[in-house]
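Once you scroll down, you'll see the structures, which are given as structure tokens.
Consider the two complexes below, in which subunit A is the common component and subunit B and subunit C are the respective partners.
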Partner chain A sequence: MAAPPRLSKMPTSPQRRKSTIKGYLVGAVLALVLTAIPFGFVATRTLRPKQIFVAISIAAIIQVVVHLRYFLRLDLKPSSQNKSISLCFAAVVLFILFGGTLWIMFNLNYRK
Partner chain B sequence: MTDAVISSGHDDETAAEAAERALDEKTFGFWIYLMSDAIIFALLFATFVVMSHNPAAGSASHTLFRLPDTFAKTILLLASSTTLGCSTAATATGQRWRTLAWLGATFLFGLGFVTMEISEFYGMAVAGAGPWRSGFLSAFFTLVGTHAIHVSIGLVWIVLSGCEVTSRGLNPFVVSRLYRLGLFWHFLVIVWIGIFSFVYLPEIL
Partner chain C sequence: MLGKLTIDALPFYSGIAMAGALVVVSGVLGVAALVTWLGRWRYLWSEWLTSLDHKRIGIMYVTLALVMLVRGFIDAMMMRTQQAVALDSDGYLPPGHFDQIFTSHATIMVFFVAIPFLTGLFNVVVPQQIGARRLAFPFMNSVSLWLTAAGAALVMSSLVIGKFSTAGWNAYPPYSEAQFSPDVGVDYWIWAILVSAVGSMLTGINFLVTIVKRRAPGMRLMMMPLFTWATLCTSILMVFAFPALIVAASLLGLDRYLGMHFFTDGDGGNVMNYVSLFWIWGHPDVYILILPAFGIYSEVVATFSGRRLFGYESLIYSTAAITALSLVVWLHHFLTMGSGADVNAFFGQAAPLIAIPTVVTIFDWLFTMYRGRVQFTVPMLFTLGFIVTFVVGGMTGALLAVVPVDIHDTTFLVAHFHNLLIPGALFGYFAGYQYWFPKAFGFRLEEKWGRRAFWAWIVGFCLAFIPLYILGFMGMPQHLNRYYTPGWQPYLIVAECGAFFILCGIIFLAVQLATSIRDRAALAVPTGDPWDARTLEWATASPPATYNFAVVPHVNGIDSWWTMKQAGTAARKPGQFHDILMPDNSGTGVVLGAMSFVFAFAMIWQIWWLAAVGALGIFAALLSQTFRDHAEHRIPASEVEAIESRRILAPALVSGAPT
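Let's turn to the complex of A and B:
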């Protein structure tokens, strides 16, 4: 690796500069709440299984967004544009592969 | 970028900027690796969902998984993500030993997680519910095992990073590697959200 000896200052790209401890703690509290909700539903069984499954799914999706925002430090600023674009592309591929697999495998009974 | 290089007219600046850009490109390349890893996990999830209806008259899944264990593992990973975040914050302000201490805490939480995983896998295998038992269990062990292997690699990476921080201090290259370690670890915790939400909880339900 070409290590320039004159490189004395710390890298100051935006992700590193605003890595304050506060953001991580906010993320941790939100993640804890979003974890407690689905586990609480399953432990107490206050709703019917199908409703609980919907609640688990919604909490999971919100929690993924919270983790992306507060732990992976992804935002809508231009500095993380490339990351956001590749994430969107991966999400589309993921949706097609996952959704497509389930769609095909759970409709095999329609074949004659 | 070109404009900035020309206008700065300072050798130090351009060298620093070039080095910084090289590190940012590495980070972006690593991000693309994470995205491809996400697709691998998505396919393992899809395989699991398809196979979860094939228990081959083996043990019913709600007797295999225990809610408190799953909750404990989730809390361990959440705690490790938080402590690694504290480590990143300490790195940003140049606090070398604080960075190391938080890295150590992250390692312990991660080690606790992997230990619980291994004891769960071992307990299942001893109880006759190993991956050879049914399609459901094969898919379960493949998905959760792949995640556990990733976390174990993350643990090795934390140890190596700790050694590097100790021996070299927080120079820009070490800081950049720590940042990528953070991306890797937080990504694995996101995969775990999918595992506890769509593998453990629905089976316990």
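Let's turn to the complex of A and C:
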């Protein structure tokens, strides 16, 4: 992999800047909604605890994707190959750490 | 008004604590008085504290590390002395004080010696090794430094105001919860860790991006020097590991401050969740400390053997393999804490795998030396001392990976990780410090006191820790402040002697620095390349101009400086100069660090109005930085030319030199 050029790729034209701001706003609203949903479930207790747990997990995962898409502006276009590689690596590491933690903790739980 | 802070927080209760507090206070006042007397406050502020020059930030990091090394070592000396005399007696330290000392010793050595030392070396060396003029985020680098310094200042102020944690450096709950540790000790630990961990995470991001984005044209990843590779892998680990520590410490803080139950022993809390989170950071952190040292050893071995590194690519693959493996073995730090057979078997088997890339690395260094012209300089001595002693540490690690063996949690463990971290990390940093000192300052450190320091360190290390291995086999638990087994005492006295040798080692390093500064004219390195080195950082002047490279070099392969010398192009003056853009100084990093200190200190003592002041200060500093649109200045081409014309360029190599 050759050293990439040093030019910054931040958007400069007014039009692109506008679309970026719009992206941030969409992201912020989505993030707020995805945060409000779990809090709402916990506060109102409309579901059983296990279902709330599942709902929180799903909202959290979607929230991660929202942050990556709208705040870090990641996409899967070939131009951002570096980003895709780091994202894949991060996914693998998170899988190891989350999966490992769940394995360890449930294993301890069974032995109690 | 002052929260939990009362006059009782001052250490009037114990003569030893009082002495410690007085040393800290008089040290700070003494330095302040000296700077005032020399009239150098303005110079210090404008040239150093606010500097965004990575080389100066690196020097400040290493200075912080060396100061904290003295503090951490005094802790060690106090523990060794206590254990040497505490047979059937209380010794001279009350139990609570002894517990504070082993907690602060480890916290300081990991967070405020090792991490700043390696970050300092990254800063001084890595941009120059890849042909860059600056880091990707110079301001963030300054923030990292001052957050780390704020964390160190928190630990130091716990000597004067209040007490430090007694919960060990890993602060395991339930003991570290408010129920069992109601005083501010654990809060000091939490906030010092949080503040400095954020700094370390930012460092990781900074160097990761710098290495990926700012390499000289032509420098592919597989052409980077080994130290840069080690930095890249370390940065990746920093980015992934430190968040786990931040989360663990934050949740522990929520338990303590807001009565939550993440890790409490009941009400749905789970102690083991903390332990697992802590070591998700903690194990990679071992390699965050060791990989940079490996990188240094690679550079030192190649330079002082006068040969290209043997197995350059295998060294890179080993470094990467260690990085990956270090993320999957964290449970081996709590093999004895109740996991089932499957889990223990997996992690017990995965852990020794790390020996394979490590052994590859060691053989690569040995084969580089084989039939080379090895020069026994001080950095090389530290490297050789490391290779011999580190192998012992690795083998004892294999013993600890055997789950049923009854040596976990004994002094055998203490000896094992000191055996990895003193030769495996600290000796490497010392080697790097000796090796790159002329790079940073333009004169060498003199050899005689350096050699004495090396011998004092390695003899001291063996005397201090081999007895602890034996004591571990005899069943002595770690963290004992008194004991009733007469058979242990002789070994503990030998260990105490070892600590005295290490004390000599530290004094000799100080003497070496002082005499080298005195004789700096005789030790000067006018060509900037005193070791006839191979990698690109030696292509700049020593000390380098603020922009490092007047003309960014084009790189065609590994050991590019060596290649340039061989081809006779190293001494060629560039034909044309251009303006260079460099970042302006910024005091915002200092303010941010200071405000973080205020905020954390106020949170520790629950002085809520002061915490609000600190938080607002942090916010205001960040906001003001956001609106600084023009944070760069232009160095005109004529000035660059003037600086470069004063430089004496390295002569081309005589052809036929060994490669």
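Everything below uses one rule, namely that the second predicted complex is superposed on the first by the 85 of 112 C-alpha atoms of A that agree within 3 Å, B and C clash if a C-alpha of one lies under 4 Å from a C-alpha of the other, contacts with A are read in each partner's own complex, and residues count from 1 in each chain.
To be clear about the criterion, a contact is a pair of C-beta atoms (placed from the backbone, for glycine too) under 8 Å apart; a residue touches a chain by one contact, two chains touch by 3 or more.
Everything quoted here is computed from the prediction, not taken from an experiment.
**Q** Quick one: classify A:Asn82 as touching subunit B (first), subunit C (second), both or neither.
**A** Both partners, subunit B and subunit C.
**Q** Looking at the overlay, does A:Tyr24 come into contact with subunit B only (first), subunit C only (second), both, or neither?
**A** A:Tyr24 sits against subunit B, while subunit C stays out of touch.
**Q** Count the residues of subunit A touched by subunit B and by subunit C, then name the partner with the higher count.
**A** With both complexes superposed on chain A, more residues of subunit A are touched by B.
**Q** Which holds for A:Leu32: it touches subunit B only (first), subunit C only (second), both, or neither?
**A** A:Leu32: touches subunit B, not subunit C.
**Q** Based on the superposed arrangement, let me know which partner A:Tyr110 touches: subunit B (first), subunit C (second), both, or neither?
**A** The answer is second: A:Tyr110 touches subunit C but not subunit B.
**Q** Determine, under the contact definition given at the top, whether A:Thr101 touches first (subunit B), second (subunit C), both, or neither.
**A** In the superposed model, A:Thr101 contacts both subunit B and subunit C.
**Q** Output check: A:Val93 vs subunit B and subunit C. Expected answer is one of first, second, both, neither. What do you get?
**A** The answer is both, since A:Val93 touches subunit B and subunit C.
**Q** Kindly list the residues of subunit A that each of subunit B and subunit C touches, one partner per complex.
**A** In subunit A, positions 1, 3-4, 6, 82, 89-90, 93, 97, 101, 105 sit in both the subunit B and subunit C interfaces.
**Q** Touching subunit C in the complex: which residues of subunit A?
**A** Touching subunit C: residues 1-4, 6, 82, 89-90, 93, 96-97, 100-101, 103-105, 107-108, 110-111 of subunit A.
**Q** Mind listing the subunit C positions that touch subunit A in their complex?
**A** Contacts found on subunit C: 212-221, 236, 240, 244, 270, 272-273, 276-277, 280, 327-328, 330-331, 338-340, 342-343.
**Q** Quick check: in the complex, which residue numbers of subunit B touch subunit A?
**A** Residues in contact with subunit A: 11-12, 15-16, 18-20, 23-24, 28, 31-32, 35-36, 38-39, 42-43, 45-47, 49-50, 67, 70-71, 74-75, 78, 81-82, 85-86, 88-92, 94, 170, 172-173, 175-176, 179, 182-183, 186-187, 189-190, 193-194, 196-198, 201-202, 204-205.
**Q** Please give the residue numbers of subunit A that touch subunit B in the complex, ascending.
**A** Residues in contact with subunit B: 1, 3-4, 6-13, 15-17, 19-21, 23-25, 27-28, 31-32, 35, 38-39, 42-43, 49, 52-53, 56-57, 59-60, 63-64, 67-68, 70-72, 82-83, 86-87, 89-90, 93-94, 97-98, 101-102, 105-106.
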